[in-house]
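Please read the structure below before turning to the comments.
The letters A, B, C, D and E name the chains in turn, as written, and every chain counts its residues from 1.
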Amino acid sequence: MAYLITKENIKEVLNALIAAKTVYAPKKDAEDTVLFEKLVNASEWHGDSLLTHTTAKDKVYLQSERFFKIKKDKNGVTIEDPAEPEEIVIFGCRPCDARGFDVINKLFNWSDFVDEYYTKRMAKTTIITISCEKPESTCFCTSFAKGSPVNETGSDLLLTPLKDGKYLAEAYTEKGEKVISDNLKYFSEAAETEAKEKEAFKTASEAKIIKKLDLAAIKKLMEPAFESAYWETVHLPCVKCGACTFVCPTCYCFDITEKAFDNMNSERVRSWDTCMSEIFTRMAGGVNPRSDTKKRFRQRFMHKFNYHVDNFKEELCTGCGRCIKACPVSIDVRKVIEGIK
Amino acid sequence: MDKELQELIKKLLTEKKAEWAIGYEKAYDEFSTRPAFIIDPADTARLIFNKYCINNLGLYLTKLKKNKLAVVCKGCDIATVFELIREKQFKRENVAIIGVACEGVLDKRTNKLLEKCENCQVKQPKGADFTLGNAKNSEKPKSYADVVEFEKKSSKEKLEFWNRQFEKCIRCYACRNVCPVCYCPDCFALRSMPEYLSKHVDADKNKLFHMIRMQHVFGRCTDCKACDTACPVNIPLSMLTKKLAKDAKELFNYESGADTDARPPLSTYDEGDSESDIM
Amino acid sequence: MARIGVFVCHCGTNIAGVVDVTRVAKYAETLPGVRISVDYKYMCSDPGQNTIIDAVKKYNLDRIVVAACSPRMHEGTFRKTIERAGLNPYLMEMANIREHVSWVHSDDKELATQKAMKVMEMAVAKVRRSEALSKMFASIEKRALVIGGGIAGIQAALDIAGAGYKVVLVEKEPSIGGRMAQLDKTFPTLDCSACILTPKMVAVSQDPNITLMTYAEVVEVCGYVGQFDVKIKQKAKSVNSKCIGCGVCVTKCPNRKSLSEFNEKLAPRKAIYTPFPQAVPNVPVIDRETCTFFKTGKCKICEKVCPTGAIEYTQQDEIIKEKFGAVVVATGFNIYDHSNYGEYGYGEIKDVISSLQFERLINSSGPTDGHVVRPSDHKEVKNVVFIQCVGSRDESKHRPYCSRVCCMYTAKQAMLLKDHYPETQSYVFYIDIRSAGKNYEEFVQKAQNDYGVVYLRGRVSKIYERGDKLIVKGADTLSGAQVEVEADMVVLANGLEPKANAKELAQLFHMSYDQYGFYNELHPKLAPVETAISGVFVAGCCISPKDIPDTVAQASATAAKVCALFSKEKLEVEPLIANVNQLTCSGCETCYNVCPYSAIEMEDKEVRRGDMRHVAKVLESVCKGCGACVGSCYCKAVDLKGFSDRQVMNQIETATTELSTND
Amino acid sequence: MSNEKKKDINVVGFLCNWCSYAGADMTGLGRNIYPSNIKIIRIPCTGRMDPMMIIEAFHNGADGVLVSGCHPGDCHYSEGNFYWRRRYPHLKSLMEHFGIDKRRFHASWVSASEGKKFAEVVKKVVADVKDWQENG
Amino acid sequence: MLKVAYFPGCSLSSTAKEYDVATRLVCEDLEIDLVEIPEWTCCGATTAHITSELTAAALPAKSLIWAEKHNMPITSPCSACFSRLKMAHLNMEKDPNLKKEVEEVTGETYNGKAEVLHLTRVMLEKYGLENIKAKIKKQLKGLKIACYYGCLMTRPAEVCENDRVENPMIMDNLVSALGAEPIKWYYKTECCGAAFSLTKTEIVRKLSGDILKEAKTCGADLVMVACPLCHSNLDARQPEISKLLKTDLNMPILYFTQVMGLALGYDYMDLMMNKHFIDPKPLLKSKGIL
């Protein structure tokens, strides 16, 4: 069932959510950086930017997640598990980011392997998404099967802006429905016409996305192009930082480290890692299968558009285009994969 | 100027004066450019130079393992090349510096002129092998007003300011990797024996990384702003690099990248050095 | 996991009196990797060391921490101990809980104990990252350099040469002999100073193993024990080796403008001169500062009268480079300049003289042929006042120390005066009489009882001239009265201080010195002639004021140390040096530039297959382990063995965490 | 909070082996009392003093850091303290820029014979850190 | 023009009026601008410092703060005042707590920047001996002068920072510059008996007597002083001393600015020499100076 809500009422709902749970939403700081940050009041919400500088990924898949603490005392060794995750709301992310959660969800629940830290946290997370009105030059979500400025994948509740400052609110999960039912007074029922309006919105929005890739064709080229001379030169501008991977809604690679604080306390922590880093694949003896910068560059694209597709039947990319914007040397993922030969 | 530039590089490559040439080409939209690497003299047509050419191509001197390079440099980038020569990372005779006159570059995120371009003394490049175009240097000297203003804050205020900044930091190391003088074969941040920096990401540890990086580039950093403009979360690293430049000047009367034979301030000493603060 | 043993020393009550050592030992047991922890009364004693050796065997320990005194004291001892137990000596760390804890935190025993626990924990943390280091050896140049040709230098040179090793003796003045040659008689035996010294001076000149370099100075020192590279400046004597020492040139020289240094400026000397008749070598030098020829280009009388043509005006200063295995520094003393004493007339009253001037006056070969007359009018004296502690035991002159010899030589001088002139009366103003030494107290008693010297316990507040007399105003604290003595002469017992350029010489060798410029011994009791710089030994008054027998004993001690060093074929040196991890080196040459020893070499090397790089390398035999390279390497490619980043980081981490107590 | 035990001031002291460490030994020989807040780490020379180690010390929670070496001209290795004398003002200035109060970071020259001076230096450092903690 | 904050002190408006008059005359001639500190307070001598450290510092502090504010060196012709001013300055420098207390009491802050100098040093060092020489109108030929410094302008040595504590020369040099002959004697800094003048005169008679006797023995025509108390002990007590010593000392005691005044051409009455117990007129006449 679809509902309508005004922009003012969205803020009211937001305030109601803030009162009950921890709410993360885009917030702009003194340096004009827009990040998902904990809101104290709905007025802090910055809904104008299309994309936040980083994704909301780190609210569920923490950049550094402590698995447990080890404590030694006179009673022996005790292992302290992390506290149960709290209920959170991610408010105002875009369909591409929401879909990113869907991609990672599958990964952290892959056949027998269930990552309980991620899954537990995800279970307590409500994702409220806003459809994109003005896609940017870096956007290419429509290249993907489910990709669209109004796509609901991964969202619990999708808000699509319509005319007259109204939003169409569609719940796709129980968590989404609960948001509406808890705050029903701010919503009104939507009509058929409004559903049609959404279609028009979709068409208009998609038209603004200039680039559409034929990913199936590219996929076919990738495997044979592994040893292609193409990689010799295409990686050259790349400085091998991790900006692209850390702002990506789907990159999930990590490293697990242990650290002793003193003689009595230590911890095990999982932190994001990046395949662009030299030490990502360096082994204890010093051997590094991807010591070469070309190999690391190739790996990133092979993983996203080839290996992952083999395993999960979808790309490890949602077309948000953040990596293009974040790249210090403006490397364009679209151009890189398009150019494969 | 683009035509001139393309011709010059074509000539250098044809005459084998350089094996590779590094310049700029258009990237994904009209506001973005990216580094271009040219081997084939016939391939120079994509080279351009405009106010969006923000990258400091001196960076690639240490990244490309090539013998002879031609590099397109804005006046400010030449300091980087000189610094890398001073640090024995490249031989002067092996790099052809193509200086391009520059009226300032724009930050692709804000479309505003970079702060460093405002009082630029090297709009017309100095010390290049070839110089293209003409520009008039600023008459005003480099201003440290913002650093001076920041220095006036109490240490508590400074601490709070940086804590907020490094809370944003995602430790992607873009700042380090675009830094032309951060070419260490194995950065301290990646070491585990000893573990100078834990992989655990939090504001405190992020700050540790930046403190050490800043210390390591002291007397070497040319304040080129590559790190500042590369940061995906807009941490004002310029406030730090500019401080380094100011300290080098004030404490040791030294300017990085000015002289390929200089001794950087921490690799030398003077018997009469000040020790007013030493008990 | 390491297998660490921790051994906590009580040091009698030195540590245990303040620190609860059992608690320290108990705490050690809770630390990761620590297998055994014990405390013992004296860890450095034989049974103490055996405890360690036994524990290493019993618990299969591989690393040791000794919490005791300063590593500067016993690091060597315990390294040897664990070596005897079969471990690498560098797998031992000391926790300094005596000098750095119990002795300085005795005000709060609880805090001291907590700190001792922490300090021990830091040592455990460090030793966990210690690496076995293999011994390094260096060759020894079996030649000794002795600096200073006074009695100390002479004795050291003779002893070393006597053992069959080559010695170069460097003396700044034109002759050896030093201060002792200036003295008349010596206490307490009153035998003639020259009579016992000159045979030794001659022996030096005749010893085939000794090369004598007078009128020469050490100007530069590089290297280290076994291999000191020393530059010696031989000042131009203007007289060459053809000189037979006939002295005609001196007699005929018309220039008498200078005052004799040897005679403490009481008499003139010629521009060409030997300091004194018994000089060794008996070769005169020309003082170019005053020589008429050098100043005006005219004269050349000495050249004309020289029967052998030994005068050589064109001689130049010469820098001579020599290699030595060991150095004895015996540069001696100056006397305190009493012109700093306003109450004694700022050195402007002619008849207020220094003790050394008195020695020259009463010496029969002195400027007055042994007649004690007033410098002002050459009249003989009747009443003489001696004032002790001039530039000694005087905080206001920054000379709080006792110069040790003044009490004795004042008594001697008063006695000699009475011997020469029985009608004279001497008065001695003193603070305390310090006469510790064989027959010393008896000597002072004799001066008082048999020679009628009046000893007044108190200080002099003012000396001034009235007519041809000196009015000496002072206090006699024993009678409580103010005293005024009308004297003909006042003799000051000037204290001893290091030579004016003692600090510069110390800096050449990097020896440490105290605030006055006296050289620091390695240990005031157990290593009294060694310095912190191995291979450099010190003797005599350059360490502290002392008398002739002590000086001679120290000189011989240095000789014994030098000979012991030279008796070895190879020298074991500390392997605590820098090393470069070439894989992480960027070849920026920073370390190459900062190394004070040029111990870094740059090389082009394939550090990994296909990875040809310009990288640094440490020359192991040259590196001294200062770590300047480590402190300046931003690539973290250089590290220092024994003080590695891993060790220091571990120490920092431990130092900054709270004690992890169980309760 | 009020009944929580206040963490004691923690100062890390890096002392060169030849002068200041020996000087601190001398402090002991002279039985000069000083605050126990300082934990001493022996280094061969202030030239070894990698600024990183100081940054690490502050990061690890040190309230204060003292680096002490030989007086200029007295360095056992001739030049080490000259290099340190350059690193110090730069590092101090940079640390201040990052918000590490200048009262927390000190350097001194203490020779092997200056036992009393070392005690005075430690007292001053601890007092300065205390002043920073109490008065901001 | 050299501007100096002038602290005359109590004696200079009473027993040592002539010192004040001569000082102002001489400074006018030399073009030294003596700016009398408005509402200067008692310096605290001689009792404040043995009863209350705070009082001893706070009293001179007012004047120090004024001088500091007006950026002038501060001077006093009286040795006791000078000593108190300088001691207060140094004590506050040494003891920040004392400084804080003083600031509370006075309600003003002191930055420790005041430069305290004895009048002799202002003239000879700040103004300069050579400049004085240039102004001299009359050489004081043939006059043998014993310069007597006393205690407070020379001691403690580290406070007064004079050339030589045991044998100061600053006034002797002035005497030479004026054309007179400074005699060589050794009682320059002996004690005159100072404040015992009022309580134990016999001590003053003995000590001042020794000084006068020595000056006479060494051939002095007159004794030159730079302190009102010295003057009073040597001059006012001289008749008693002469009686005690059974000899007529007849030793005129003049302030150094009076002697300077003579060389600058002022006469007997200008310099108020008639105020002295031992009249210098016969001596000065005999030497042809008056």
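Operating definition for what follows: contacts are C-beta pairs under 8 Å (C-beta built on N, C-alpha and C of every residue); 3 or more make two chains touch, one makes a residue touch a chain.
As the structure is a computational prediction, the values presented were derived from the model and not from experiment.
Visitor: Which contact partners do chain A and chain D have in common?
Guide: B, C
Visitor: Per the contact rule at the top, check every chain pair and give me the one with the most C-beta pairs in contact.
Guide: C-D
Visitor: Whose Cα centre is nearest the centre of all Cα atoms in view?
Guide: D
Visitor: Where the centre means the average of the CA atoms, what chain is farthest from chain E?
Guide: A
Visitor: Approximately how many whole Å separate the CA-defined centres of chain B and chain C?
Guide: Each chain reduced to its C-alpha mean, chain B and chain C end up 53 Å apart.
Visitor: Distance from the CA centroid of chain C to that of chain E, rounded to the nearest Å?
Guide: The separation of the two C-alpha centroids amounts to 50 Å.
Visitor: Taking the mean of the C-alpha atoms as each chain's centre, how many Å separate chain B from chain D?
Guide: 34
Visitor: With chain centres defined as C-alpha means, what is the inter-centre distance between chain A and chain E in Å?
Guide: Averaging C-alpha atoms per chain gives centres 88 Å apart.
Visitor: Show the residues in chain C shared as contacts by 2 or more other chains, in ascending order.
Guide: Answer for chain C, listing residues that touch two or more other chains: 594, 632, 636, 645, 649, 653, 657-658.
Visitor: Multi-chain contacts in chain B: which residues touch at least two other chains?
Guide: Expected reply: 186, 188, 195-196, 216, 266, 268.
Visitor: Let me make sure I understand the interfaces: which chain pairs count as touching?
Guide: Those chain pairs satisfying the definition are A-B, A-C, B-C, B-D, C-D, C-E.
Visitor: For the complex, give me every residue of chain B touching chain D.
Guide: The touching residues are 150-151, 154-162, 188, 196, 204-205, 207-208, 211-212, 214-216, 218-219, 240, 243-244, 247-248, 251-252, 265-266, 268-271, 273-275, 277-279.
Visitor: Taking the touch rule as given, give the residues of chain E at its contact with chain C in the complex, in rising order.
Guide: Result: residues 164-167, 186, 217 of chain E touch chain C.
Visitor: Using the touch rule from the top, collect the residues of chain C that touch chain B in their complex.
Guide: On the chain C side, the touching residues are 129, 583-590, 593-594, 614, 632, 634-637, 645-646, 649-650.
Visitor: Residue numbers of chain A touching chain B in their complex, please.
Guide: By the definition above, chain A touches chain B via 29, 31-33, 35, 53-54, 58, 63-64, 137-138, 233, 236-237, 239-243, 245-247, 255, 257, 259, 269, 271-274, 277-279, 293, 324-326, 328-332, 334-335.
Visitor: Quick one: in the complex, what on chain C touches chain A?
Guide: 30-32, 121, 653-654, 657-658, 660, 662-663
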